[in-house]
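Lettered A, B, C, D, E, F, G and H in written order, each chain numbered from 1.
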Amino acid sequence: METREILTRFKNGELSMEEAEHYFRKEPFEEMDDYAKLDSHREIRSGFPEVIFCSGKADQHFVHIFKKLYEDNGEVFGTRASRHQYELVKDLLPGVEYDELSHIIKIEKKEKEHIGKIAICTAGTADIAVAEEAAQTAEYFGSHVERIFDVGVSGIHRLFSRLDVIQDANCVIAVAGMEGALASVLGGLVDKPVIAVPTSVGYGASMNGLSALLTMINSCANGIAVVNIDNGYGAGYIATQINRLAERDYYE
Amino acid sequence: METREILTRFKNGELSMEEAEHYFRKEPFEEMDDYAKLDSHREIRSGFPEVIFCSGKADQHFVHIFKKLYEDNGEVFGTRASRHQYELVKDLLPGVEYDELSHIIKIEKKEKEHIGKIAICTAGTADIAVAEEAAQTAEYFGSHVERIFDVGVSGIHRLFSRLDVIQDANCVIAVAGMEGALASVLGGLVDKPVIAVPTSVGYGASMNGLSALLTMINSCANGIAVVNIDNGYGAGYIATQINRLAERDYYE
Amino acid sequence: METREILTRFKNGELSMEEAEHYFRKEPFEEMDDYAKLDSHREIRSGFPEVIFCSGKADQHFVHIFKKLYEDNGEVFGTRASRHQYELVKDLLPGVEYDELSHIIKIEKKEKEHIGKIAICTAGTADIAVAEEAAQTAEYFGSHVERIFDVGVSGIHRLFSRLDVIQDANCVIAVAGMEGALASVLGGLVDKPVIAVPTSVGYGASMNGLSALLTMINSCANGIAVVNIDNGYGAGYIATQINRLAERDYYE
Amino acid sequence: METREILTRFKNGELSMEEAEHYFRKEPFEEMDDYAKLDSHREIRSGFPEVIFCSGKADQHFVHIFKKLYEDNGEVFGTRASRHQYELVKDLLPGVEYDELSHIIKIEKKEKEHIGKIAICTAGTADIAVAEEAAQTAEYFGSHVERIFDVGVSGIHRLFSRLDVIQDANCVIAVAGMEGALASVLGGLVDKPVIAVPTSVGYGASMNGLSALLTMINSCANGIAVVNIDNGYGAGYIATQINRLAERDYYE
Amino acid sequence: METREILTRFKNGELSMEEAEHYFRKEPFEEMDDYAKLDSHREIRSGFPEVIFCSGKADQHFVHIFKKLYEDNGEVFGTRASRHQYELVKDLLPGVEYDELSHIIKIEKKEKEHIGKIAICTAGTADIAVAEEAAQTAEYFGSHVERIFDVGVSGIHRLFSRLDVIQDANCVIAVAGMEGALASVLGGLVDKPVIAVPTSVGYGASMNGLSALLTMINSCANGIAVVNIDNGYGAGYIATQINRLAERDYYE
Amino acid sequence: METREILTRFKNGELSMEEAEHYFRKEPFEEMDDYAKLDSHREIRSGFPEVIFCSGKADQHFVHIFKKLYEDNGEVFGTRASRHQYELVKDLLPGVEYDELSHIIKIEKKEKEHIGKIAICTAGTADIAVAEEAAQTAEYFGSHVERIFDVGVSGIHRLFSRLDVIQDANCVIAVAGMEGALASVLGGLVDKPVIAVPTSVGYGASMNGLSALLTMINSCANGIAVVNIDNGYGAGYIATQINRLAERDYYE
Amino acid sequence: METREILTRFKNGELSMEEAEHYFRKEPFEEMDDYAKLDSHREIRSGFPEVIFCSGKADQHFVHIFKKLYEDNGEVFGTRASRHQYELVKDLLPGVEYDELSHIIKIEKKEKEHIGKIAICTAGTADIAVAEEAAQTAEYFGSHVERIFDVGVSGIHRLFSRLDVIQDANCVIAVAGMEGALASVLGGLVDKPVIAVPTSVGYGASMNGLSALLTMINSCANGIAVVNIDNGYGAGYIATQINRLAERDYYE
Amino acid sequence: METREILTRFKNGELSMEEAEHYFRKEPFEEMDDYAKLDSHREIRSGFPEVIFCSGKADQHFVHIFKKLYEDNGEVFGTRASRHQYELVKDLLPGVEYDELSHIIKIEKKEKEHIGKIAICTAGTADIAVAEEAAQTAEYFGSHVERIFDVGVSGIHRLFSRLDVIQDANCVIAVAGMEGALASVLGGLVDKPVIAVPTSVGYGASMNGLSALLTMINSCANGIAVVNIDNGYGAGYIATQINRLAERDYYE
């Protein structure tokens, strides 16, 4: 609806003051005691509810936001949570789950449907923490996930044995530290988008994941795009966007 | 079809020697005088025909490959071509087009259908060369493209005026050099995947695009993944994969 | 007064030995037991009293300097103080305040007038610690400060809702970690100087703030200059210099 | 004026359709053949007319924009212009000037008043090209500029001999390559904001200005903020903003 | 022979003055007009004749050294030679060969025996220049070489089709630019040492081969060691050392 | 054996179903509760049993894998183990040894034969931890090792006094931190392959081993290849591969 | 004495076997239980006794070496010692001193003469730890030291007040973190060599001293050379070498 | 002479107005048409005449300064001069010499005495250009220089054969590119200061000399300090300062 049309309808009485104002208003969010602005229109706008990046949040802020999101949505999802943060809320709300490996804290609605398919591969076992962040994020947002772990290029026959599952997904997430070559190999084997997640797994010249990031960015294979080091959440998010596009008949 | 099944069918005569061999054979490509292995199964495997990365190719290799791909597919597409390379083939084959701005050389079939929608945004006018590489790649692979150029964050009202077009796409490509902030802003405004392309546009601490790459990788917005600096082709490719998933009814 | 004039006046007896010597003397500071040279002329020279960078100071040095500055000025201000340092002085002097968030320790005169206006914006809630260092520094030096927190580019409508307050300031401080895009967006929206402060908030390729620093240095927007990572104090200082220039009628 | 107020006045007939629409409209710029969006509201919004960053512009784009801006404003200013670009326009429009040293191309109105004072210092003679870009930018925007060149720290008595001129300015620009120490020394000597411009002058570990940038960002002196390597234009712009604030009586 | 033994034999007259002196002398090389010291004992010491790194040599130095080595050994081998350097010597000496692709200049003895087997693999066609430097170096030093080009990981079936040849070698050289993942894949597939050569092939974040170097150094596969970017010569040299060890029966 | 041949033999009954299937099968490894894929064919394929990289493994995973490998091979070898991990298994299995210096945990068969010779040199005493990882790895895989420690270039006469031992080895490992010059000096003195291991020993601009890595990669000496920082295991592995080639008469 | 001359004299009986052997022998050092090689000829060769770099030494190694050096020289000097290491030896030997600030541990002969003059300047108080390492090193080796602390460029008048002392030294050591500009300013003010020591003092983009190192290496002033970050010992050592050359009449 | 003393003497008539003024005056240099400030007191202050860094100077500036320095001193010395700059002055002044290798341009007084001894060593022949800049600088300033070229660590016996000459110098300059290990080896062999000059000779990971710089800065040997990459002039300058201190009897 264009500006002129709204103004016309408003003048004609087809729109009330509130409705017209709503169109032009500037604050589709709630102020929380000055320190944060929760984005309450977010789910409507993007189809994804707001999520908490827990790391570095002050205790009272964390508890406040966690409860608020639970009240608004009936479920809540936080990444990079500490055990201490789990202690803060576990008795306040029912059904809080905390996963030591992925550092995810959540209250998730039961019997959520998981549609489509995202394949999440890791190069080694140490990459599983990041992969789980991606997997549980995608599942929270309603995607079906296949986990294919420990299939790095130093023993490439392990990857080939699972290739049919991987090739069948709408989107593949490649999680790898050290030299990060897994993404290139996957890019050459599947015809769907590969989201590459470098991890900080490694030592020496791995420079906390920077080397894996560079490997993935420079990939000679087609159909690969990269997110930040250890950013399982980001990978799970964009993979879900792609998965939903592939399954849009379901959503529409 | 599992190994055991193939072997059984083969023994039973349900599969001929050639068919069984085909399943296990190792060379679905053509050797070209020892210097290259054209991937003739590629289009079947991925739905995308092979493309030429022209930069650095020896003259005779370039001409040989260009002609071979044209003969196989009836069209051919090359990125990072020089004017000199255009001179080499323009009289050998009919309908060779060369675009000075994007450095794309191609012979493209007429009346190709372009489906879905990919929105390609640039921050400035100097980023258009890379954006065109992305746009023409996506079009060559059958995507419909909307170009929204010169909408960088230093004059953000220009971006907002085109927001409806952008939000309507299946996938958004954000092309930006200098500080590369466009990707984050787009990520906050659309609910579809954003493929970010850092460009080498800039000077000083832009370090030939490395700064823009870091900006995009560190984006605080959701739904962003990044390709290599100036890699318009890579962005056009993965955006097309996503666009096809969204329009899979068309393909199936 | 030129050298020749001083010498002439001195010979003529218009200047005493002490007055002439004063002009040429080299030590407008006080030695403190050999380990530091407090700059007692500083406030006269620059209009800003000396401030303590507390981090790394030996206990006895810290206490000694803290007390000395309090005795000289009737107030004292320290950045990057630890709780331990607060314990050292809280009972020695009246009215010591310590802020856990910004790590500022101070005794501040009551009823200080705050003039002009500096707007301090943060991208996220984790950037508030640095923003508070900037804010309290500017307030200590007599500036009026507006805090606009959690208005990062991933939800840019939050920024627009406060734009009128921001545009009304003499100087804007943009505090952001991760990809640091906030500075560019602000630079495009206001016509006053923007002092950008990259923060070490982030992970992976944020490289402890280096990525945000590069983003801000490469900004395509006009009217932006950058200080060191997490340097809230430096931003508050230069913003106050600018604010005072804008309000110079008040000072003269 | 708030949204509700505009709507009320519009309904009451106090505002015409055009006036109301103007308030909400989204396109205060002119499209130029799809490749650029000239910001015609810019001078109104920021008090600074739009300027051309000439480097990398296609010939026809450059000529088109250069003429358009001249037509709109009666003067025009471009940075990083080549001699070739000068040849393109020197006979099309009257009074085009080109400066080989600073690579500035311009048509400037005569008898422009230059108010306030900005001091521009360079460490060496090779930094003058960047300093001139800053100086002529500031002059184009109406500032009075003092040039103090070749006063680097390796012969610091040269700097002291001009200190009175520097200390008298509203804002100081410090232009230095190699180790870039000039900014710190100036920061310790003046009580006004210092805008530091690292230059790519140097060799070896200067890394094209990155070392000087790091020196300036890490300065232990107060009141320093930094712009990009060789970004004389950016320094001249923000220094003019500060200078105007100091001389706001003149502007209001 | 120990010092004491030499001295004893010398005193006993079993060694002449010249022989004893020879043992302790310090200069087993020839001075060439002060600018170079040719290592004439080198072949005796290491089994490898001296080779010329041609790049950057002054014309007269190059010609002088080229002729001297030919006279001493009856053959000569130079890397990184320019066509200009070839012009300088092609008419002075018989049988000078120059290879534009690998930039190798040489006079090589006929009917040289090539023993053992080194497999040299490249990821793409643009890596062949470096691979040829490695191959011809190894051949000059007497190794048998198998070339397996264009078998990068983006089409990994091409690599598998040649695996038997690769697995049969004493040593494998993996030459790859861009993301350099080929080395890791080979490391996982063969049980012989893999010498990895990163190349400067690539663009953007490949940083002239630094990314490929990091990939290879961080490889999760066993049995990989890395030489400098584009250092085909170094790879050919160490691979020959390994090949000779494997074929030591031939040499002893 | 080629595909066609296998199929023919299978049809002719010369191969059973199991034998044919074996040839084409895809899973020569064992799944361990989904989190790891132990490579049980590894020793057959490469001649090296699988080894545990202990760092970062979850307790139960570590114990499970440690026991499994012991059961399969009668011995087991882990690198980068913590004392805590040693506590976990020391009472579960007989003969577990843990070395605080090298962080190696192992159960090793008695009376293992050690063949050939690998010389392992360190620049300083602080590099010994990494050297021991290399040495014990090589010994576990059956190599004879000579340790020559504290022979760095700042007192080069110490190196010369052991030169005969070093020159007699099949392969030399050079372990050095700080400036890492030892590798170049060794490369000039021996005619066997030198595997260089940069260590993180150093401070300041050593950047945790990156400087030593660069030194070694840029070495002007011949016959040097480099592994990752602190990667003693990797050096011991490839040195053993080389040592075995040199002693292949023993193995065949 | 030349080789031939020694051999002649030996044959003539002018040199004994032991004397001749001594000349050619290769091991002027003592093995310490295999883990270290103490350089007992060092003081004779260089005029400087061996010193202990304590950091990272195993307890028993540290104690063993500390005692051995004390026994050989009657004094001993260690840098980067921990309090724990001090506890290990304080009761074993008389007169052990430990300085918490500089982390130096030593037993020093009384009534040592200190000759010549080295001036050691620091930019701030946090740089004093490194400066003391330099000062006490130089004093241990017999140099007279002047300490001029807290004279950084942000208050340059403090430096000028001590300039006469600085200009009178044979060598100046400039110790500075953050932006490290002190070295350049000193280089422009004195005519003696300036040894620059970057320190890791700073935060954000100081990158643990790397920025200060770059500043100093790029200095535009003459007569400056640089040692590693925080390497007070190295600066004290080379400054003593220079001081001794200046006072060589004393030594000869 | 202290301020008070000057004032007293002046009042007493022991100093004239000019003499007193001279003491306090601020401008001991000559302005050259605004673009440069020649430091005419420099030789008096430091004992070294001013030298021209020719690179990047505008033609007229270069000629002007070259002539002025010649007129003042009867000789003149410029580094990094181009052949074009030589053409500009060769006919204007008598006796201009230009050296293509070192890029030095000079008119030098005949029969200059060269005292003391500086040894200048290079690793390879490609480092000679930088070494000559150092050597000719030191000679111009009156030092005696010994050139020992092509003695890099890959053939370390070449270095040992010249060790007596090197050990006899007052100061050693080590010039090396690639891995730069020469400095460490020299530091371990001589007891005089070693000034290390990294050069940009190398390729790949040498990063234009940065790797050699890091090697030298991290040297484990004592008595080494480092100047900028390719900075032969800086090394020749500080080596001359040291050489003069060692020969101070000659100067005093």
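Here are a few things to note about the model shown:
Going forward, contacts are C-beta pairs under 8 Å (C-beta built on N, C-alpha and C of every residue); 3 or more make two chains touch, one makes a residue touch a chain.
These figures come from a predicted structure and were not determined experimentally.
Shared contact partners of chain D and chain G, listed by label: C, H. Think of each touching pair as a link: the shortest run of links from chain C to chain E has 2 of them.
When you average the Cα atoms of each chain and compare centres, the chain farthest from chain E turns out to be C.
Centre-to-centre separation between chain B and chain E, using Cα means, comes to 38 Å.
One simple way to say how far apart two chains are is to compare their mean CA positions; for chain A and chain E this gives 49 Å. Centroids of chain C and chain D (each the mean of its C-alpha atoms) stand 25 Å apart. Taken residue by residue, chain B touches two or more other chains at 26, 155, 204-207, 210, 213, 217-219, 222, 228, whereas all remaining positions touch fewer.
All chain pairs that count as touching, in label order, are A-B, A-C, A-D, A-E, A-F, B-C, B-D, B-E, B-F, C-D, C-G, C-H, D-G, D-H, E-F, E-G, E-H, F-G, F-H, G-H.
Within the complex formed with chain D, the residues of chain C that make contact are 45-48, 170-171, 191-193, 195, 213, 217-219, 222-228, 234-235, 237-238, 241-242, 245-246, 248-249. Listing the residues of chain H that touch chain E in their complex gives 101, 125-126, 128, 147, 149-151, 155, 157-158, 160-161, 201, 203-207. Residues 3-4, 7-8, 10-11, 17, 20-21, 24-26 of chain C touch chain H in their complex. Those residues of chain D lying in contact with chain B across their complex are 26-29, 34-37, 39, 42, 55-58, 61, 198, 200, 208-210, 213, 228-231.
The residues of chain H lying in touch with chain F in their complex are 123-124, 152-156, 178-181, 184-185, 187-189, 202, 204-207, 210-212, 214-222.
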